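Next come two complexes built around chain A: one with chain B, the other with chain C.
Now for the complex of A and B:
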């Protein structure tokens, strides 16, 4: 029983780590630009598929870095050509635009790489179980957690200490003032958007090694990421981190006792949070409410 | 929406109802079929119901498919297990969707804007997962089968809506008329005027003593009841309900119908639904990549055509062509917020 629980908690942590990467990217974009990026899952899937295609040429490690950068570049192009036009307009329009983009992404991915799942091979030394009793602790899982930890740690350090990062955080609270102080808000938002997409791409490569590559893999992670943001508190990145891990573990634990409910339990958590603490666990009152 | 309806409104109203009432006769001539026409009317009601909330209260719900789907499943399950009466099943479906909406609405009514949209999307997915996972009751991924709409007995005459599509169309049209009539009536009442006031300036409405949360909750719940009615009829149309009806992509489709037709107009969503349903039917018969086309339409729509077909204000264009004087309409223009 303990093994089973540990197994599912570790599963939950892994899934939670994907939620975190995905939700942090979504949060960054939502906080600074007020855009709910429905296409985020599409970017994630593209990240995985790019890595799949690139890996034979530049190896797993190359793909791990290059693929998210490519996806971020694509995100930057789309932001510059379309999405930036909708800043400051009713959120309805950016929602519909990214929703349409998500449709296109899914369809294009399906047309190019096929609808059936593709296996994405990771280096051998990462796939071996590390212990015979806890067979589920493979190197890849630890590796994934490490990459996510580095990415998230790097992001928080960047936001805390770099000038650009401080501006992004300031823009979350008051973009007008940031603009008045002479910061190029247009560039800031573009960079921020690309940064968010980079995280999605990274999550896509990692997810490709763990789950298999499917056109809908990103869309399936999108809703839990929303929940992670709401549970953690809209506007708070540490909240998003906490929310992602919490709902991952909660879903993992529920899978032990009542597998059919493991999808729904995160929504119950969201309902409870909204009832007891409407701004989310670490959210601040008044932001985007 | 002015209390005194001007003449052009009568003309619009007349044309719309004439087209709807005679649809079974002209539809086959232009290459349509009865089920397609019925689907247009049903989705039109769904889009108009959501627009009651989105266009006339200014609150963005991106999770209305949940209540649409609950209406469908409620109706289907009632027909399968409880009753042989189509109207009773429909009532049960509407109650299921509407009450679920009212309960959820109470939970989220204080959220606004993007936040409200996100919470509605996420909560909508709960019902999707329930329908998807509860195999024994809902049939899971395969959808709910094993029910049929039943003939309606009027004593002297039995309306066989099952075997005569045209009768089913008129049955749907009757409920559509009741639904849209009720919404039109509500919007012209003091309650509806207050909703418009909230949409235009929530803070001012609050200072005037309007209980904002209560009004938004009522508007949300009413809109859920109407969209559940549309969902129930959709289940009756296909004698089938499947989980994708509750998915957020379905919500997105309903929203795009509204925007396609014109968000600030009462009948716009019906036109948007007609365009969308026909286009989807056509594209999916033409190509397997219809999702790309649909997505492209979304994108182009938002970028170049955000006010929709009726948002273009045809009457004024028509009038200016004829050289008549322009009329300003207060509820047109301005940003949504």
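Now for the complex of A and C:
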């Protein structure tokens, strides 16, 4: 039993790492632009599908980089043409817009690639378990963690030390002042949006290796990511990181004792956090009121 | 600057959860002045979209066929397709709409058994013939059977009985279940357990929420139990994802895998290394000795570009059943059609299988042949991913009517 619990804790961390990637993208966009991006799951699915289509030409590794960039480009175009018009209005407007986009994405994906799932194959050497004891630690899952660690580490360094990153963080606190100081807020938001979408695209390619590609694949992964943000604290990127890992572990542990509830437990967790600490674990009070 | 408050995020989440509603209908118009209308309700969006669309594609080909051959009672046939969005409320609402507003003479659907059952409540009350094309739960032709409800696909018990003996004999008697936590999953698992207990085996298992993306936690438990066979009851995308991860963890070297259905739509979605295990097909396209099957396969390939699946056949047969019985009974009235369908035999060009399937009078279940066998990476033809090892007759798999729990009450 102890083994089983231990396995599931480490396994939960692996799953959580994946949610982190998705939730960080959502969080970036939410924090700076106040947009709750419901189309995030759609961008994720597109990331997987682009990779599927590109892989025969540029290989898995090429697709891993190019596909998220293409998705980010698409995100940029949509931000420039539609989403940016709703900045500063009631957030419900952008929420409805991205909600609609999510449906459009799903149906376009279905029309282009078909409703039937598609197999996405990852390089052979990544698919083997590393040991028979820890069989759930496959090369691919370690690779996923490495990619997440690099992406998250890179993102935090970028936000901490680069001028652009500092501006994004400053904008999260007070966009008006940042604007007054001469920063091109329009560009800043576009870049930030594309960056968030890039993370979604990357998550999509990684998910493709574990799950079959389906038009609805993003929707299943979107809700836990929202939960991760709320548990961790809206407005806090480290909080999102913590939230993602926590819900992964919680779902994994629940599967040991009460498998049917492994889906529901993250929502219970969210409810408890909201009751006891409404700002979320690492959220700052009053930041987003 | 902060424009979004926490409550908005919460409301957003609630909205997302309730988003499975309201999707527009897809209309397929026939020609004539007053066509005979057929309504089909299937989950065109959501996890069952792939199989639902296959059923619709089969139904459309049948409608074309029927119209070419003079229609129903000399009138054109028109198919109205509605999306249940994999939601019980939506499915019922669409069934009501088809009957009340569109005045359909027959309702077909749904892939999701829970929706099919709820729809049956509506169709029986309204007196309209209802053919369940692809919802498998026993109750549809079991304890919740209705006078007007007939089913083309198998019951879960039939699917289990079609494979369970093979599993016990060839693979072993210590099982671990991976079962989706809803009516269909429970009913399959119960049927497997009955067989296993009779054979003196042991089991454990997990009930897994529908739409689970990551199966690692459940597979970790499965490995700890160390079974002979993992009985994978997950359906659609869930089945594909769980098998892909099962193979990814190398568990295929430690235990066999089996289950009831591994549909062609799903076979196509897994990479070659995950094409493993013992399953039943409710219909299979590769029947070299049957010329009618070849005609149907060619027709479907022309219409969809794909080799037909069992789901294509379900849709095709459901529509043809209605046309055949209506022409036979010379009526479109629900009660007359239902009486005429009891014991009704499908002709070979619609049956498309060995034997003569018929709708059993006691429970209205189609007694069709099952194809039990093994999945493998494609050989030659890309859709040749399954080898049939045995044919199981419907009556044998279904067991006597008395055991189904069905009593038909004519209204």
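We take it that the second predicted complex is superposed on the first by the 278 of 289 C-alpha atoms of A that agree within 3 Å, B and C clash if a C-alpha of one lies under 4 Å from a C-alpha of the other, contacts with A are read in each partner's own complex, and residues count from 1 in each chain.
Criterion: a contact is a pair of C-beta atoms (placed from the backbone, for glycine too) under 8 Å apart; a residue touches a chain by one contact, two chains touch by 3 or more.
From a predicted model like this one, the values you see are computed outputs, not experimental measurements.
Engineer: State whether chain B and chain C clash or fit side by side on chain A once the two structures are superposed.
Structural biologist: Overlaying the two complexes on chain A (C-alpha atoms) leaves chain C and chain B clashing.
Engineer: Can A:36 be said to touch chain B (first), chain C (second), both, or neither?
Structural biologist: After superposition on chain A, A:36 lies in contact with both partners, chain B and chain C.
Engineer: Classify the contacts of A:121 with the two partner chains as first (chain B alone), second (chain C alone), both, or neither.
Structural biologist: It touches chain C, and chain B stays clear.
Engineer: First (chain B), second (chain C), both or neither: which does A:272 touch?
Structural biologist: A:272 sits against neither chain B nor chain C.
Engineer: Mind working out whether A:252 is in touch with chain B, chain C, both or neither, as first, second, both or neither?
Structural biologist: second
Engineer: Tell me the contact category for A:223 with respect to chain B and chain C: first, second, both or neither.
Structural biologist: In the superposition, A:223 contacts both chain B and chain C.
Engineer: Using the touch definition from the top, say if A:82 reaches chain B (first), chain C (second), both or neither.
Structural biologist: first
Engineer: Identify the partner contact of A:234: answer first if only chain B is touched, second if only chain C is, both if each is, neither if none is.
Structural biologist: In the superposition, A:234 contacts both chain B and chain C.
Engineer: For A:95, decide between first (touching chain B), second (touching chain C), both and neither.
Structural biologist: both
Engineer: Contacts for A:7 in the overlay, against chain B (first) and chain C (second): which applies, first, second, both or neither?
Structural biologist: second
Engineer: Of the two partners chain B and chain C, indicate the one touching more residues belonging to chain A.
Structural biologist: C
Engineer: Please state which segment of chain B collides with chain C in the superposed model; the candidates are 75-83, 111-119, 201-209 or 327-335.
Structural biologist: 111-119
Engineer: Take the contacts of chain A with chain B and those with chain C, and give the residues found in both.
Structural biologist: 30, 34, 36, 38, 91-92, 95, 99, 106, 223, 226-227, 229-230, 234, 260, 263-264, 274, 278, 288-289
Engineer: Touching chain A in the complex: which residues of chain B?
Structural biologist: Checking each residue of chain B against chain A gives 54, 60, 62, 107-108, 110-115, 117-119, 121-123, 125-126, 129-130, 132-134, 248, 252, 255-256, 259, 263, 289, 291-292, 294-299, 301-303, 306, 335-337.
Engineer: Can you name the residues of chain A that touch chain B in the complex?
Structural biologist: The contact residues of chain A facing chain B are 30, 34, 36, 38, 82, 85-86, 89-93, 95-97, 99-108, 111, 223, 226-227, 229-230, 234, 260-261, 263-264, 267-268, 270-271, 274-275, 278, 288-289.
Engineer: Once bound in the complex, which stretches of chain A touch chain C?
Structural biologist: Spelled out, the residues of chain A in touch with chain C are 3-4, 7-8, 11-12, 14-15, 30, 34-36, 38, 88, 91-92, 95, 99, 106, 110, 114-121, 127-129, 132, 135-136, 138, 140, 171-172, 174-176, 207, 210-217, 220-223, 226-227, 229-230, 234-235, 251-252, 255-256, 259-260, 262-264, 274, 278-280, 287-289.
Engineer: What residues on chain C touch chain A, complex-wise?
Structural biologist: So the residues of chain C touching chain A come out as 1-6, 8-10, 12-13, 15-17, 19, 45-47, 49-50, 53, 181, 206-209, 211-214, 216-221, 223-224, 237, 240-241, 244-245, 248-251, 265-266, 268-274.
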